[in-house]
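Each of the next two complexes has chain A plus one more chain, namely chain B in the first and chain C in the second.
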Partner chain A sequence: MRMKSIFRHETILFLVVIVALVILSIQAEQFATIDNLLNQGRFLTEVSLVALIMTFVIVTGGIDLSVGSILGLSAIVLGVAWKKLGLPLPLAILVALSVGTLAGLFNGIIITRFKVPPLIATLATLALYRGLAEGISQARSIRGYPEWFFILGQGEFFGIPTQLWIVAFFTLLTGFILTYTTWGRATYAIGANETAARFSGIAVDKTKLFIYAASGFAASLAAIIFVSRVSTTRSDMGMGLELDAITAVVLGGTSIFGGKGTIVGTFFGLILIQILKNGLSLAGVKSDGTYIAIGLVLILTLLISNLFNRNSEG
Partner chain B sequence: MNTQNENSNKFFSRFLINYGQELVLLASIIILFVVVSQVNHRFLGGNNLNTIFAGNAYIGVAAIGMSILIITGNIDVSVGALIGVLATICGTLAVSGYPIWFAWTAPILVGIAVNSLVGIIVAYAGIPSIVVTLGMMSILRGGLISVTGGDWITDMPEGFFLAQQDFMGIRVPLLALIFFTILMFYIMSNTTWGRSLYAIGGNPEAARTSGIDLKKGVVIAFAVHGMFVGLSTILFATQLNIIQSTVPPNLELTVITASVIGGVSIMGGTGTVIGSSLATILFAAIGSSLIFIGVSAYWLRAIMGILILCTVLADMARRRRVVS
Partner chain C sequence: MARFLMEKINQDVTLKIKNATKSFAGVTVLNNVSFDLYRGEVHSLLGENGAGKSTLIKILSGVHKPDQGKVILENKEFVFNSPKEAFKNGIATVYQELLVFPELTVAENIFLGHTPKTKIGLIDWKKIKADSRKILDSLDSHDLDVNARVGSLSVANRQRVEIAKALSQKTKVLIMDEPTAALADTDVKKLITVVKRLREQGVSILYVSHKMPEIFELSDKVSVLRDGNHVGTFNIKDVSEDLLVSKMVGRPVDKLYPISKGKFGKPILEVNNFTDGLRFKQVSFKLKRGEILGIAGVVGSGRSELAQSIFGINPSKGGSIKIDEKEVSIKKPKDARNLGIAYIPEDRGTQGLVKEMKISHNVSMANLDREANGILIIFKKEMQNAINAINKLGIRARNALQLVRQLSGGNQQKVVVAKWLQTEPRILIMDEPTRGIDVGAKSEIHQLMRNLADEGLAILMISSELPEVLGMSDRVLVMNNGTITKEFSKEHATPENVGAIMTQKVKETA
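Take a look at the complex of A and B:
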């Protein structure tokens, strides 16, 4: 039993993170500076918010491929509501968050009410939401946001980037919900055996609806931070985000079949991906080359983890 | 007389249940062509038909491989990146003076090799295919751009452009799509190997007890899929006079969507390649017809999304009726 907990996926991942940190700080001097690490945190924010909720989605045995498109759609809604419709920016932010949440809720309805497999449902809405973003924006970007709006994505708070506080808050919140609440237990139960969960009185459909809506909300919150960070709104924002988020979650040890996974794992997965990207590019590897490392790490970590788990079980 | 009637009725309803999705797709394509050609006669012009059928045939060929894979209960999200890599290999070989047949064969062999490796990891290490191919996508995409820097390949030799040629008045890509669709449909419904694919995806436990080697079956399915990715690449790489050595954006989603809308169940075990090929053509035709009836290009994707969603919901409704 004790051996098993030593070889937990999260432990292996933690060791990989440490090894990567050591190697990269030897390779590149600028890597292990506080400034650089905090700055990396900024780039990590959008994918982190999405990946935290994606952990819940995947633990239920589902998947949400539409998050990148929801991010794009929310960003466009924010820009259009503010610039074209002339709403005050705080209200426009609220509208964008609502649209994102509704988009997620709509995914949930297709999945629970019409029994469409999540992969297919969100594949369809991936096209739909991105299409809406393109149609509404007519591929024009929106700029000229007021200065105070940039606090969110470019400012800092007690010396730490603003958005890192938000990520930290959501990491603790989601970690707490998944580990210690009935909601969290229900999430695991649905993923482990949906029929059994239904018969033991868990409100399966309601839980799923809530999780997919939360996923949409996380994507739209990420959209607002993204727009604030880069000072502009474009309809192609967040393209491919879904695959980055899923990579982080799976790297973190969450089973793609559901029923198993932790927020701690996802957290380490996110950190590992970002330090690999940053460290390798500081060490002189071209930015596209870092994708090779991420792919290799994803496959190798799972191979090693599967190997140990098989040993400890057998 | 009576029994014969009953038999033909039974045959007819069985046919409807088995090939419902294919019939819906075929009907949609016909209706679309009739309606849109009334609105705009140029829709049926030779040039446009060539774009619809021949220009998208490579997607259909890749979707044949994808369908085989999904039927066994697996998936490949790296197919777009692989086509990008293979097209670059194909073009580079042709430009560097290797014989054209060699440039055409290389993508098929490399495709089989890469996907066999993926298949081995999936089958023998027990890591789900969506995860392995997600990693593979990252590796292929990163590798391609760091090697080529995104340069274009031009000045391919005369005779390289297979996809631009005609055979008996029909463009080669369309001919290839029809040939491979019929061939694989026959193989998958009439041979032991073909039936074993459905067994592996539909009920692995039953397949194992009836003597099918599950692991070997999955590796072979991946290898065959790799071959079709290679064939698809040849059509893709030889249709234009340049090859952009980048990954075609969202190609994996287009290919997976074609398979799924074609009636291949994502849970494995059901579907045909006729369905996935018809779905490819339907999507190409919808895209083209929206332009011909004057819809703004920026709304294309949204309308496609709604149509995909409607098809999926209709398919779920039809399936539930068949079950009950």
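Take a look at the complex of A and C:
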């Protein structure tokens, strides 16, 4: 038992992050500067918001492949509502957030009401939402947002990029919910044994609906920050985001079969992937090499963690 | 001539286990166990959970290797590296959890892994089907279609498929691990006939069961294990049930059921013409405070479905439920809980527990929202409740943080009970309350049930074990084919009376 607490997955991951930080600092001198690290934080924001809620989704034994498409759809809705429909920007933001949340809720309804496996349901909506985004945008990008809007994606508070405060807030919030509340406990119970959770009076369907809706909300919030960061709206935004998010969550030790996982793990998973991407490219490694490195680190970390966890069993 | 005689004598011992010892992570689970299994005998293996039965079986069937000791099959020493190797050499095992493949047909299941081939290497379907038919016929299962999908069969028939699979190669030793744990009484009788037939064919059978009546009906010999030690091997004719039980638990056990005071309060639960339109119809009964009402019936008679509809898991299609004479609507388990109903399901592994979670988390699971401060879990309270439950119910565990899957069956069941007692129910529905747990834990649960009833709890008990229904209940309802066909008072509930009504005109489920 004691072995287990020392070699928890999160601890191993933390050590890997430290090792990566040290090696990359030595290899690339621009890497370990405050400016660079904060800037990396900006890039990390959108995938982080999505990955935090994805942790909940995967802990219930589900998956949400549609988050990238929801991001794209919300971004387009934001642009169209503001520029084409002439809504005030704050209202357009609300509309975009609502559309994202509804898209997530729709995933949840397909999954709980019609008992479609989450992989298939969200694979379908991945195509559906992206198609909607492209249909609405007519392949035109939208620019010319007012200056104040860029505070979100390009501004800073007390020397820290604005969106990092948002990520920090949601990291603490989701970590708190998963660990300290009845909702978090229900999430774990559903993932570990859905039938037993239902037989124990836990509102299984309601919990899942809420989580998928939250996942849609997170993706649309990410969309708004994304648009603010790059000053433009395009329908292909967020493509492939789902895989980055899932990679971070799984690297963070969340079991793809459900029942296990932590926000702390996801947090380190996100950081590790981002510093590898950035550090390796600064060290002159080409992008194909970077992807190979990320793949290898993922496999190695999970192998080491499995090794320790198996040993401490029984 | 002399040599011939010697061989003949030796041949009578099919399987010899000599000084088998096995430990896991420094804990000895099997200590120097030896006994012989003769040709054409049924040898029962008795012991509480954790006594070493499973480990012994797993050594014989090639899952584990012994640390010390030998397995000698027909005078040849063996170390099996895999279950397949043991099977090839004539040791077949039928496990409690059936390992059949539901999507395959009966014949495919029987010959999976050693499929006969035609001359050009294709699967010989004709031979598979013909041989499957032959084996099933030899098991008196003429009604079982070899082309049926195994997933569509009843538990009893799946088990027959598994036995047929075991016999599809030249089997010398058949190990049966609690084969009747999930069977209704009528199916148990059939199984016993099958086992007797195998014995006549010269197969040696190692039979593991908790149920005394079948052990006495079937066995020639019985070996008892306790805490990994071999307590003794006896001829069944020389021992009594009491003696065996005391050998198993190492102390005399009160095998009598706790006595009812026979004092009941007002009816608390009233079910009227309750129907789900499919598995049960027009069910009506009343349950009084302080009473244990037993529902007897064969598996598939609709008892669990009835209980689950009362509890709000499955929807009902008609009829009413009254609690304290007020009509109530129960749409989901939480509604039921809030009305003071608790349901302890029949399958604790899939329905009752989250085995990968700690004891404390399981104990709090049904009541967590009430114990919480808003949505905040009060961990101190959760822990204290779990510790109290462990002490009150005598759950044997390292501490409240132990994972439930590491507990024995009896202790797991107590965790389920603890979880629901946490909700302070007034009506407790128990579905197979002691399935698959050992004698010691069983009598503790029975005592607990009676104590709860004496404190005023109304208990509705569903059980496939007739002795349990008759021993525990103050009143017995018999459910047959979805309806309640008869009610017996305690005095009139004899095994003959109830058994007859249970099986009356029930269609064979093939």
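What we mean here is this: the second predicted complex is superposed on the first by the 312 of 314 C-alpha atoms of A that agree within 3 Å, B and C clash if a C-alpha of one lies under 4 Å from a C-alpha of the other, contacts with A are read in each partner's own complex, and residues count from 1 in each chain.
Note that a residue touches a chain if its C-beta (ideal position, glycine included) is under 8 Å from a C-beta of that chain, and two chains touch if they have at least 3 such contacts.
It should be emphasised that the depicted structure is a prediction, and the values quoted were computed from it without experimental measurement.
> A:183 contacts which: chain B (first), chain C (second), both, neither?
second
> Does chain C touch more residues of chain A than chain B does, or is it the other way round?
B
> Please identify the positions on chain A that touch both chain B and chain C, taking each partner from its own complex.
Touching chain B and chain C on chain A: no residues.
> Show me the residue ranges of chain A that touch chain C in the complex, using the header's touch definition.
180-183, 185, 188-189, 192-193, 195-203, 259-260, 314
> Chain A touches which residues of chain C in the complex?
Contacts found on chain C: 24-25, 313, 332-334, 336-337, 343, 345, 350-357, 361, 365-366, 368-369, 372, 375-377, 419.
> In the complex formed with chain A, which residues of chain B make contact?
77, 121, 125-128, 130-132, 134-146, 249, 253, 256-257, 260, 266-267, 296, 298-306, 308-309, 312-313, 316, 320
> How about chain A: which of its residues touch chain B in the complex?
Of all residues in chain A, those touching chain B are 110, 114-117, 119-121, 123-132, 134-135, 137-139, 239, 243, 246-247, 250, 256-257, 285-286, 288-296, 298-299, 302-303, 306.
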